[in-house]
């Protein structure tokens, strides 16, 4: 018989306001096996923990039940507390009377009764708990960073700096990500390329960093410390080891009409291309969708002009297998398609552009070489209208995102300011719902746009843009003066909401990392573990976790690196001891369990057993590798004889909980 | 269970640790209410749910049993919920075949982000089971009155 | 292919062209519009107030009649389409409306939004196919630059109407291409012409209508087409433009050679 | 201020004015702006605050075109046109408050005017 | 019939095997039990092969194939499916077994024959489509089809799926078996009617465990119902509903492994149509996850240990059920 201690937490008033904690403690004290029962304001506090430890000693407790917040919150804390007092940490069970009781119920009597039942279920389970010892598994001292934007680069540099190997997988031909397309950065207005490209070069030259450019993650197997990843190196039809990046091929290729994604399709590139001058790696790539040679077998000009002999039309996708201890997701964001917001006439006029397109139109390496010209007729625009929140903060309208995209207020202020600075003859209007500028020197920046640069900020929205006679007739509201205003603009710039990159969803599935309804990766804890995914060994860097500007992205990237280093610095990881274990006496050796195990943790061997009348019998029986088993329990249900059971969640334990609840 | 002349069914909700248990926590964090008749049992994965547990719950007086797990494709263990989906489909079909009310059992995929869905599901399921009244059939299956 | 057809009040009188050519073209394209025997006026405006039940019943009757015939319900007039489609949505999704309408009508089989409500243009797009239509055209309107005027009621609210992208629709432009002409895209094609106030405030209606006609003309159109008799009247009488306005069925019949 | 009436109007409208984030998209969109003394965003705001009498006495409830552009473009699903309709209905349902009287009709007709115009005006402006 | 015994003798005499697994006469002519024969004498004395050899021998091989020396077994078509399924589950050591496939036209149900007035049978001989029975009360003739076991009436296959040697000509699978008709009939009932049906059937159960003991899929080293750690261990009913789930759990445990050999219903002393539970699972599996026959081959994954990403949701039970 266990000697069980029950500890009911008030969580200040979080629990105590709805649950009669005294009554819960009193009632549970009467349960069989309970030798001590108490309640306290904050069980997780130092004093609370000491109270538990003291009770373990005084009452010689063999099991502990804590009625408190979710085990997802403090199970680890209380296990440590008990372990420090000499009790096996797996003799602790938590009854979740906060998230799943006090916070959802209003009636005190009902909530108290439910808390008692949840406590009883935990007690019933503890009765059947057995001390468990965690095994260990080795850590592969190498990290994978998925996505080579500023987030991925920063994480990789920090990990490499600490002396560990790190690979970057980037789906585009070059690393650098969205930041390469940005002209200037707020609030300092320094040139994005000037601060980014040295980092790209650092990453390329760092001997601890290996860059898989033009590559994608194909599959992920394994678990924290022991990931097995297959990387697909897409065929670029250019031998990476031979290409010198001279660019001869990219000027000779006869296929000139390929929309240039770097400039968002506002100019053209060739079928063989290097995305931009500072690309890393600086290697040409053939675009198979446009290359005449690959499509028809006729051409081959790039091959003829390549002095290095790097062109290889026969190249195939290559699958590379690598082992990693940690994976960092840095898949970034994309602006949403504004197709559903055509009241702004984006599809009808080239002079209606997105902010990222505007960024390219202002950039010296952009389609207009840095001179701001209207895309339609390449003339200088005089009146510019910026529209904020295009697709952000939409709730239930089915076409936008419910969240604030966070970066638009600041970059729009930047655009407006730069525009007025470079072209003082322009009239610049910004239509806003709210101007949101929390951040160091951010509001000062926005005020400068208004006060020093004379940008017209109008509280209101644009309702309709009508392209007519070479102008964009903008109909909008000015809420402060309660007017509908009409502006004949030359350009309209849409601050499109940002969303996670489309590749994130399938990747999350591969990683079994959870996502929110907007496809942003979820963090292990929104406040206390913001750079870790709830899935062990998966870390989050940059905008894949939520909208972020550059300084925030870099900060989070370094934070993710720090978390990775904490993992890689360990030689061994403590495994989850709640793993499957077969009872050999009952095992039929039928392989049902093996068929459903996602980790290949189950193997079979022939074993000798004593039969009746001193005979021996040889039987095939299953065994589980506890370092590989992750404890899902699929095998326990597949097993017809019930020989396979899960430690910590055994058949008997779960049924005891069922019984306690249904009584 | 009769409370103040009103029938309050006993509902057992098995929730996988990674998505649905977290989703249930989230509905608590967001103070979304659902009936106190719902009691949650944490299991590591929806694939840990042995049909025996469901039958046991009914045997011991549960009126409805619901399984919540990660959405298919998002299982923490990659494939667990796919197995659970087949097992529960066949089990529910069998219970239906035996004439047990099919409204007493349910599977719902609830992610860690779907606190609202969790609460809504529990409200709906409880109401549905309450309509059926006490679970008698599984008890009576083997004894003719 | 036989479909139930709800002509509506105006198509019997002032909007005869919309109706006549629509039916002729349908025959040429191999589908029959079977006029519902006892249809009643839909009311021309969808009552947005949540507690309006009685004003929606005439639409419910038409929907039930089509259901009982096992046919889709086709309309030509944008307003009728708008009203009937939205009432159908209420019958499908609004339990209060469902309960009260069914109680009131005392049907043998309760109606819960089973009927498919289609606009004639949707029939062309989804049932006939614009590619098939293109093949059946005998007199393609080559060289004509046509501006499609959608107005409000075909597209909005898109959650309920589900005809097309409400801000960048293509169904009428695709139709124009199918009959061999060139569509003119202009931003005002989904803006309101002010038809509802034409009775009381002609000047204001004229202002709205002429903005549309001017935009169409400035973008190079040589005529405008519509599916709504009220828009037709307003654009033509109050638009102050020399651009002709046609019902889309008129041009359809012309292209099919059945005019 | 008439909170009770405002509540009724909200119920008739079936939308939640509290969802409004005051972006002004509806008013930016409104084609009848020039002929309404209160604009769509004000309808939402005033109904939420209970200032419905002013709205009920306003001319704008008869000049809203019911074009539904504000419904379509509202990023918060507040659907201002429904609020305006609810105010209009609240007026028209009162005794003797019909905006359009049959005896006025003949003077308004012309040869080409479609039935639809009259039918819809009756539907919109009368009990 | 003589051919089978001749083969048994031959295999023993030429040393192919050291033992024979077959059937021997019990107290009555029609009451046969599986038996192991170790010598030609034993075979000549007791070995029987008659239309009453319904018993499925494959399950006995779990133990027998682990003993010294090779054993020969006679498998009817339906038995052979169980044999392959057990092989698939590594339960039988194939190398120690010599399989003789025997063609089968269906086995007889003594209860049915008694109902037809054929009592006190002492011998049977086949005469075309008829069975000529010698009885204590003289010779009686019945049409074979009227005397068949229920499971043989809707025989799914006359094909022996694995054998070392075949006696007689091997048959074909029979896709027109109509074996799911009764399941479909129950499905078409209202839940109340179904409940009444099963309540009537299951309330007769005396929990003798015959179904479990005969079932080739129920071959666990130790049954969960006998295992104290399973949480559901019970031998006899403690309360009226303590063990009501026995048949559901049993059916679930054999689901996607049951070959539909029908032994459970054949041996049930209370004549509960237990095979309908298994067939319900098989029918569902076929309809929802594609045709699957347990024991038809060695490679296909059992449907409950398999999945596809776009499997139906459990709510399909409601959707299919409609408002019945």
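As written, the chains take the letters A, B, C, D and E, and residue 1 is the first residue of each chain.
The definition used in the following text is that a contact is a pair of C-beta atoms (placed from the backbone, for glycine too) under 8 Å apart; a residue touches a chain by one contact, two chains touch by 3 or more.
Everything numeric here is computed off the predicted structure, so don't read it as measured data.
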Review point. In how few steps can one go from chain D to chain E if every step must land on a touching chain?
Key: 2
Review point. Can you name the chains that touch chain B as well as chain D?
Key: A
Practice item. Any chance you could name the chains that touch chain B and chain E both? Key: A
**Study point:** Chain whose average C-alpha position is farthest from chain E's own
**Key:** D
Practice item. Using the touch rule from the top, work out which pair, A-B or A-E, shares more C-beta pairs. Key: A-B
**Study point:** Centroid spacing, where centroids are CA-atom means, of chain A and chain D in whole angstrom
**Key:** 46
**Study point:** chain B and chain C: spacing of chain centres that average the CA atoms, whole Å
**Key:** 48
Point to revise | Euclidean distance of C-alpha centroids - chain C vs chain E, Å | key: 66
Review point. Per the centroid of Cα atoms for each chain, what is the distance between chain C and chain D, given in Å?
Key: 24
Exercise for review: For chain B, write out the residues touching at least two other chains, lowest number first.
Suggested key: 51-52, 56, 73, 79, 83, 87
Study note, to complete from the structure: Among all residues of chain C, those touching at least two other chains are 167, 191
Exercise for review: Going through chain E residue by residue, note those that touch at least 2 other chains and give them in order.
Suggested key: 224, 230-232, 304-306
Practice item. Could you run through all the chain pairs that touch each other? Key: A-B, A-C, A-D, A-E, B-E, C-D
Check your understanding: Given the complex with chain A, which residues does chain E contribute to the contact?
Key -> 66, 89-91, 217, 219-224, 227, 229-232, 253-254, 257, 301-302, 304-306
**Study point:** Residue ranges of chain B in contact with chain A within the complex
**Key:** 10, 12, 17-19, 21-22, 24-29, 31-34, 36, 39-45, 47-53, 56-57, 60-62, 70, 73-80, 83, 87, 111-114, 119
**Study point:** Residue numbers on chain C that touch chain A, as the complex places them
**Key:** 159, 165, 167-168, 185-188, 191, 214-215, 218-219
Check your understanding: In their shared complex, at which residues does chain A touch chain D?
Key -> 343, 389, 393-397, 400, 433, 459-464, 475-479, 482, 484
Point to revise | Contact set on chain A toward chain C in their complex | key: 339-343, 345, 347-348, 398, 464-469
